[in-house]
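Next, two complexes with subunit A in common: one pairs it with subunit B, the other with subunit C.
Let's turn to the complex of A and B:
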């Protein structure tokens, strides 16, 4: 178990929402990083409002993943070669004022190897169709991670809505 | 005006910055690519449904009967 768990930075989205959240100048002094997210988008589930995208060092390339997911009625798995965080945000047609709960764990973020990372995400919805996902990810790049950016997957004018939050923690000697 | 939030982890400062024209164009391209991909997925789903329906008709069985055959 980690013997330190240090808050590096956090942010709460203000009125009007934001098209992206970026953590820049991430210090290289920790072993692992943990992102704790509570996000909601202004896009419906049909428009993939439950899927944010993640970038490392401004790059959305060289990502791949395998996901195990469950909904109110089915379970399935799939592979992807995009930088998605499955069920990383609540869509706009889920219960008002609810937010997804997501943790992204990024071990050895300064190493010179490719970066594997994991996601554990659940959406919140006062209905049968709430969703959960476990996702194993790989970013096939050897550069140390110095910035992390989150955006709604759909792009365009989509935003993370007010009161969405993102917390970045550093783990030492994990 | 669309904005982005930047948290500088070295100072702890958060700034809200308006997107540049280049960033707006990039996001619009993302949205266009997304719409194209979504339309292709929908078209594939519709084509699969039509093909499935035609096959069931050819075989002279219902969807429920097909499910029983495969169970």
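Let's turn to the complex of A and C:
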């Protein structure tokens, strides 16, 4: 029987970290994509260390989102017009050797419609401040997604640290 | 290695319709996952039923983010599962995503629970948890934006793909 849930590619960050994680030449042979992330940055929470940015096809434009978040003490919601993955990475001032865990589901990534996608994510921290996020996202572009790039939101020399991982799966309804 | 995530059925609407039913679901899986990208001609809640059951056997708790606040509500003894609150399907395809999971759906000894994650970047994000008070195995699943009685429709091009999850033998 056909396997419908297939690993396309994976990245494990090595010593010294990396300023970006990229999946390129994504084949158009699947129906949906699933991105499974375990990330940590070298930036503090105050310096946006909890926020990776996502690009489709090298573009960081035309993204919007609404997020429901829990911090361990309160729940709230906000909207954004940026390409953020809320609570998609642990910052450097969270408990060492902890990583945020995130799943991003991207249906119909080759369609000629805009791309709505879903994010569920948590940060990990042995303290009172750790977060969970449910995020609705939209990339208002009709091009098929052929590449995905993740970077620390603050950019510059900020890095995802060693042992961060990213797995890209394809799901086929054929 | 055994394939543990398999397509059961997929439908792309060729014309507008008031509801979609995925029927004759085999009992050979452990859990179900329904991926939906829906357009609708009205900004209505997304509803679901199992086995065509219209009795008041459903209850749902909804947790939502509106973009400015976090809210929650609950419906008990309902004739439908209300799968969205703010992330209702819009008229443009590709603007919303709903992921509906049904757990242990084929057992005949316990009531059934289900979860839905709704996503609309323009209106909100939803997480809903539903209970279906029936010990029958689930063999069909229906989706509607009209509460199974109104006039709103699921529009052409809306996609529904049902996957079955197996535990590896």
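Keep in mind that, in the parts below, the second predicted complex is superposed on the first by the 170 of 174 C-alpha atoms of A that agree within 3 Å, B and C clash if a C-alpha of one lies under 4 Å from a C-alpha of the other, contacts with A are read in each partner's own complex, and residues count from 1 in each chain.
Please note the rule applied: a residue touches a chain if its C-beta (ideal position, glycine included) is under 8 Å from a C-beta of that chain, and two chains touch if they have at least 3 such contacts.
Keep in mind it's a predicted model, so treat the numbers as computed, not measured.
Because the two structures share subunit A, they can be overlaid on it, and in that overlay subunit B and subunit C fit beside each other without clashing.
Contacts of A:156 after superposition: subunit B is touched, whereas subunit C is not reached. In the superposition on chain A, A:67 contacts subunit C only, with no contact to subunit B. On the chain A superposition, the C-alpha centres give an angle at subunit A of 120° between subunit B and subunit C, rounded to a multiple of 10. Residue contacts after overlaying the shared chain place A:25 against subunit B, while subunit C stays out of touching range. Of the two partners subunit B and subunit C, more subunit A residues are in touch with C.
By the touch criterion stated above, A:105 is placed in contact with subunit C alone, subunit B being left untouched.
Taking every C-alpha atom of subunit B against every C-alpha atom of subunit C, the smallest gap after superposition is 17 Å.
Only residues 8-11, 13-14, 16, 18-27, 48, 151, 153-159, 166, 168 of subunit A touch subunit B when the two sit together in their complex.
Listing the residues of subunit C that touch subunit A in their complex gives 3-7, 10, 35, 37, 63-70, 86-87, 92-97, 99, 117-125, 127, 157, 159, 161, 163. Residue ranges on subunit B touching subunit A, taken from their complex, read 2-12, 14, 16, 19, 26-31, 33-34.
The residues of subunit A lying in touch with subunit C in their complex are 1-5, 31-32, 64-69, 75-79, 105, 107-108, 111, 113-118, 120, 134-138, 171-174.
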